[in-house]
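These are the structures, in structure tokens.
In the two assemblies presented below, subunit A is common to both, partnered first by subunit B and then by subunit C.
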Partner chain A sequence: MFKLQSRTLLITVLCSLFVVPFAYSDSASEEEGLRIAKERKERDKGWNSSHADMTMVLRNAQGQAAEREMRVKSLEVDDDGDKALTIFDSPRDVSGTAFLSVSHALDPDEQWIYLPALKRVKRIASRNKSGPFMSSEFAFEDMSSFEVEKYKYDFIREEQFEGDDVFVIEQFPQDEFSGYSKQRVWVDKKHYRVRKVEFYDKKGDLLKTLEFEDYTLYKDKYWRPLRSYMHNVQTQKSTEMITHKLTFDVGLDESDFDKNSLRRAR
Partner chain B sequence: MLFRQFAYTLRSVFNDGEDVFRMTRNSQWLHVGSHNPWVILVITLLLVGSVGFGAKNLYFRGDYKVFFEPDNPQRVAFEKMQNIFNKSENIAFMVVPKSGTVYQPSTFELLQTLTEASWQIPLSTRVESLANYQHTYAEYDDLVVTDLIREGQYGEAHIQWVKAAAESSPELNGRLVSTSGDVAVVNVTLQLPDGDQTQNVKDIVSQARELRSSLLETHPEHDIYLIGVAVLNNAFSEAAQKDATTLIPAMFFIIAVMIWLLTRSLTASLATMLVIVSTIVVTIGTAGWYGIFLSTATVNVPTMVTTLAVADCIHIIVSANRLMVTGLSKQEALAESLRQNLKPITITSVTTAIGFLMLNFSAVPILAHLGNLTALGVMLAFLFSVVLLPALLTLLPFNPGVRESYLSRKLEKLGSGVNRRYKLVLITSSLLLLGSVVLASNNELNDVVVKYFDKSNDFRIAVDTHEEKMGGMSTIDFVVYTGEEYGVTKPEVLEVLDEFTRWLKAQSDIQHVLSFSDTIKRLNKNMNNDEDGYYVLPESQELASQYLLLYEMSLPFGLDINNQVSLDKSSVRIITVLNNLGSKDFTDFENRAHQWFEENTNGSLTLTSASPALMFAHIGERNMNNMVWGTLLALVLISFLLVFALRSWRLGIVSLLTNLIPAGVGFGLWALLSGEINMALSVVLSMTLGIIVDDTVHFLAKYQYAIEKGESAESALEYVFSNVGVALVTTTVVLGAGFAVLTFSDFVLNADMGLLTVIIIVAALVVDMTFLPALLLWLNKKGLIKRENGYV
Partner chain C sequence: MAGAALASSSAVAEMDISGMAGVDTRYFFQDAAYPGQERVQLSAFLEPEVYTEWNDGLDSLLFKPFARVDNVDSERSHFDIRELQWLHLADTWETRVGIGKVFWGQTESLHLVDIINQTDMVEGVDGEDKLGQPMVNFRTFGDFGTVSAFVLPYFRERTFAGQDGRMRPPLPIDADGAVYESDDEEQHIDYALRWQKSIGTWEVGLSWFDGTSREPELVAPDLTSENPVVLPYYAQINQLGVDLLKVQGAWLLKFEGIYRTGQSEDFGAFVAGFERTSVGVFDTQYDLGVLVEYQYDERENNYFATGQNDLMAGLRWVLNDIDGTEVLAGIIQDLDDTSTYSAFIEASSRMTDNWRWRLDGYFFSSDDIDDTYYFIRRDDHIQFTLEYFF
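So, the complex of A and B:
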């Protein structure tokens, strides 16, 4: 086993030296990639529900900033994508707008929105998940929950990241409506936390980099980053997502995440 | 006071120069070339090698920014806009089905495939087409957001549904599909880096071409044309490159052959070419060492420098030739030729160099580069032709030809003809000149960038087809700034936006208006069960903001609304497509739009407008004015300098006429041929400036020399004709033939430039051979010009 791995490593290192557009993969490196992804998901199971107060800071190439404030309620769903209810608090004009998304591993996500000025709930029937969330650099698919089935994997190499040992793997979206050709993910060996992601666009060029900071441990088991920073290297726009307050086991259930709950959301 | 001091300084400079000329009469100075030819050759080689090595630092910048100073108001507006909204540089595929309608399965399949594949084009950030247009509609309580054409959706029912959707969407109709449905466009927005984009643009276009040919193979019942900013830039560099590798070498070859034929000496031709090459290499090398980059303006430097290098060499060669026929040895003839020509060549070179330095006052940075480099080149041409040329002629076999005496006999005849009938010549030529100057005022400054290319050029064909099917493709982007977050969703702002959009759409030159007000009206309708009555602006700011949020949340990657609405929702961009107007009409339209906005908003909102086309319209106008007036001013300045150089007010004023008239005649004839002046033509005047001045200076200097020797005006003129006539005719024929080669270019800019250059240098010669002697005689008869001793 050890022998096999080091050979794989050697090959991948050699390949990266020759800058091959698609990383060399064999069944062993794919298996290792999948193993890491499964372990990552496994270690995060059982968090149940959470409530977060967040600020999103959008910056254009010039550094001009715009802020968005929101609250996000999340519910873990076993063997499928999670559910999230987002309530916008600022800017003032959209305050009270609530957005419910139910993500699925392979089927299209479901989305509802409540517009207080219209006093109506609308379902957004769209297969688009590659679009920006609140005109930020985060796409919907970047924010929805991580599910193993969403990607195919390939192990690339091991290295150090900010002093920690990490795996570097690549994941290839299985949904044709994804905006990416692949993602390169840095996962630390100790806690299987994602430290950094590189997103590649459909033509294979680097599009965005995402870095997670201020990892904090909740319930003695779940690591959550309190800051994440997405930088679009093509347009030089960026988005910073800051979590001010995060609480778990807030007593939410399925009934808080349906169409009708949107109207009640405050 | 100042003027006197200036006059005194200039006078002493030229007087000292005169002393130098006198001193050298018996010194060895003039023999340096012919006495130490090997030394000169080695020094030249070292100079050319070391300075020319600087050319390694040269790079070409073809981007629009080289035309603008960093604080140019249009550039600032455009860059601000580019920073707030997405970039607007693009490449587009225009799909024309041979059946005449895009609403058919094969075209749908083509569009869907092409749209998908276009994401692979380098630096693409956004792809828009009929296929991936984000159509929204209501279905019960759902807001459906969908691509218009998905893979496999090519059935008849779907086609009819798409057609209905397209025809009712103002954001789509007339932009991504023609109103009559015979053309569809796949538009790819590019994120081009700052600085030199030549290679990027080349890669983008070559990949787009590959994509086109592979799709044409699978869909032969279509034509596909490439348009857009990237294609235009690429067409520019391809055209320039094509001419640089074919016509420009041909021009130099013709110049070499013509010199050989007219002087009957291969050595003369070879030596002149070596002077030209040395001059160009050292000039360009210096540019490299100084870190000056090449640009569309500075690429003309070698051609401009060549004209004066040819003139300088021809004067020395022709005089030496003539002297050798009279029996002087080669060495004596060369020394004597230099003695006779040094003064006029010096005057021509110095004044021309000063003239070119005037371009430093231009608003366009690269024109200042052009002026400085050409000034340097002119002085180098002077240096090489008085030092290197004699050295080469000494080393190589150089025998006098015989044909020259035939030419000079003809010219003497012409001279005596003018002498006899000077009044007739003067009146006829004056009338003709007056006529052409009047005609010249009929020219219009007008730049239509897309028309820079010949009708057989691929890009031009695409542009013409686009014009025929969908109208023009020039854009102006208008941005309304509200100055506050979410300001654009205020009812009163939306109201203004909507009215402005309607006003724009009513303008006859407008092809398409992409406006956020149409989008918000559509959303209002969608959210109210698609009832037509709700195709109006939402009543409250909250509602509009929430619609916008909803819409933003539903768009896929690369199709976000940031190309129209700023990140903080404080400003909104309206993208208009216009007919391919000339620079003047273009800026007029812009002014009318601003005027309307001013009158209808009372200054509560700020409107700016920008686009590359608009920048060029502005800079084109300023540039052309700068160039044309700058050069005319330079000619006046040169005449003023000639007052001191020739130490005669009257000859100075005469030189003013002969300096300005060729330009008048040239542009007068141009009014008959075309009547439109573009950016390249404004350069022609600078290009020919050296030759015009050279003709005048040599003529007047020799005339004055003869008069000072006590000759009558008639015999002085005969002396001029037989002495400089041959050189002037030779120079004109050589350069005329050379520039005529450029007229074969399918790059209209170069072809026009070649033609007008030929016209002006021929006009300069004709004026100097007819009008000038007749005028001098008339002035002499009137007693206005007599022998002048010293200056005035």
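So, the complex of A and C:
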């Protein structure tokens, strides 16, 4: 259990008098932030593999909307990032395009895209992780799996979010090529589910907010949001991600997530 | 086909019909160099796709015919079966039997290593359109990478613009008058083998081809005949190919090299370069990629070997908007002759979920009367295409 030592508190107060305060960060709040992140990851372990039918609704500042349908196959990888294969069904001109992402905790992610008209598998420079995923407000890095090692943490406060007790923590990307300076994350105390995220750009200004809704319990253990809503506060564009159908233990293994599986995707 | 690969358990095969159709117009900026050629060319095309699968998706059949009707060039009005293929999947291997398309390689400005399919030259200047290739293909994969073996029982002749078409030498190339080294002509059985593997940040490919050259050599015309034409000659060749890609942060370093024997001279050729992409340039959501590729080919005075000592510099601009707008533009400069260069721009964007427009422009220049670009120096044009996807 987290317990704030009075001595630590004293040191914090003293330090803050002399040093420019860094979000009131001290070793105790960093430890608490890390503990919450680890618990969040721990509670989600063992989900194995899943298959999701999804729709992405893109909206620009003028309210023009466009829908993108896709299927996402995911595989949990122990002690490293997860693997995901996304197949696009609409719009028709990109139908059959498949995207393979092998994320890693510390190393750069590996990504390939399959272009069906050319029958060509192209490797993607993964340093471009801050770029938009399929013209959406989700960046490639927002789509890759959550790994504890990707960030440094700081506990901010406890509060109520939509009637539930939550922790508010901040996470600082350790990859210099992330598009963010930090993310502020609302994690509920009961299930350690992420309820909301604020993304701050490299200048430190609020860039996007992400809210998760319709959390549903699978396999009596794993909570998944069926709706997520990303709003870019700087451009007023938004993306809604809707999961229509989510199935676990779909019999996928490593061989379903290599370049050959991209060609087979349909 | 949403979910079909996983959920299909029905014994009755369902048919999935999709595809594309469109119209395009080419406008040439200058009067034609040769009699019979026009300034404006209109055409329409249709490419439906019929797909069915059975055996829980382990077996599938794909049929993709293609047809184009052109108002000027009768050679450009043509029909092809792009794909008619039975695909069988197993855990560590798969077979493809029928007519299909295969792509090999990593570079953008030239596709030296890519040799399985014949180029459908009348379709596009960039040479990226291919004719369907009859094949029996066995592919197996594991920790060793992917090994793919091909038996190619029938040869496809390259298409060329006819008498009325632009972008041809002074005398048209008579695609139907092909001359072969092999007595079996287009019935010669070709073989190919390829190994490909991702090794960390590297993509490595090695390939071997033994059979009829996809790229012909041109036979000098008999000028004493009434209607002299240029004939394509298809030799028996062996070709070794290497293709490499290295991810280096935001850089992609690319290389393709071939060594070919069997034509009038044995030769080596390569393309090497990079693509560097910056995301979110100028505080926007745009991606901007810079492409540079150097082309080298040992052959001289070969109509098809334009990249003898040339440098391509290009920009790829991806707007990341709802309409999926993209622009690619570049110039290829001959380093031996400043007057010889070509340039291109390819832009496209979505109008609705089903419609897409495309604008392509190609520009050619040369003062060297032996150069390919001299023959087509007056064929600068833009092409506007409307594509409908269904």
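What we mean here is this: the second predicted complex is superposed on the first by the 244 of 266 C-alpha atoms of A that agree within 3 Å, B and C clash if a C-alpha of one lies under 4 Å from a C-alpha of the other, contacts with A are read in each partner's own complex, and residues count from 1 in each chain.
The rule we apply is simple: contacts are C-beta pairs under 8 Å (C-beta built on N, C-alpha and C of every residue); 3 or more make two chains touch, one makes a residue touch a chain.
Here the structure is a predicted model, which means the values were calculated and not measured.
Legend: residue contacts after superposition of the two complexes on their common chain; A:264 is shown touching subunit C, with no touch to subunit B. Touch criterion met: A:62 reaches subunit B, while subunit C stays clear of it.
When both complexes are overlaid on chain A, the residue A:113 reaches subunit B alone and has no touch with subunit C.
When the shared chain is aligned, subunit C comes close enough to touch A:53, but subunit B does not. Once the two complexes are overlaid on the shared chain, A:123 sits against subunit B and subunit C alike.
Once the two complexes are laid over each other on the shared chain, residue contacts for A:160 go to neither subunit B nor subunit C. When the two structures are aligned on the shared chain, A:99 is found in touch with subunit B, with no touch to subunit C. With both structures placed on the common chain, the touch criterion links A:27 to neither subunit B nor subunit C. Common to the subunit B and subunit C interfaces on subunit A are residues 58, 60, 64, 66, 91-94, 118, 120, 123, 125-128, 130-132, 135, 177, 179, 235. Residue ranges on subunit A touching subunit B, taken from their complex, read 58, 60-62, 64, 66, 88, 91-94, 97, 99, 111, 113, 115-118, 120-135, 139-140, 177, 179, 201-203, 205, 234-235, 237. Considering their complex, residues 83-84, 86, 119-122, 124-125, 134, 139, 141-146, 191, 485-486, 489, 527, 540-547, 549-550, 552-562, 566-569 of subunit B touch subunit A.
Residues of subunit A that touch subunit C in their complex: 51, 53, 58, 60, 64, 66-67, 69, 71, 89-95, 108, 110, 118-120, 123, 125-128, 130-132, 135, 177, 179, 235, 245, 247, 250, 255, 258-260, 264-266.
Residues of subunit C that touch subunit A in their complex: 1-6, 18, 20, 51, 60, 89, 91-92, 94, 101-103, 128, 139, 141, 146, 196, 198, 203, 245, 247, 249-252, 275, 277, 279-280, 285, 287, 320-322, 324, 350, 353-354, 356, 387, 389-390.
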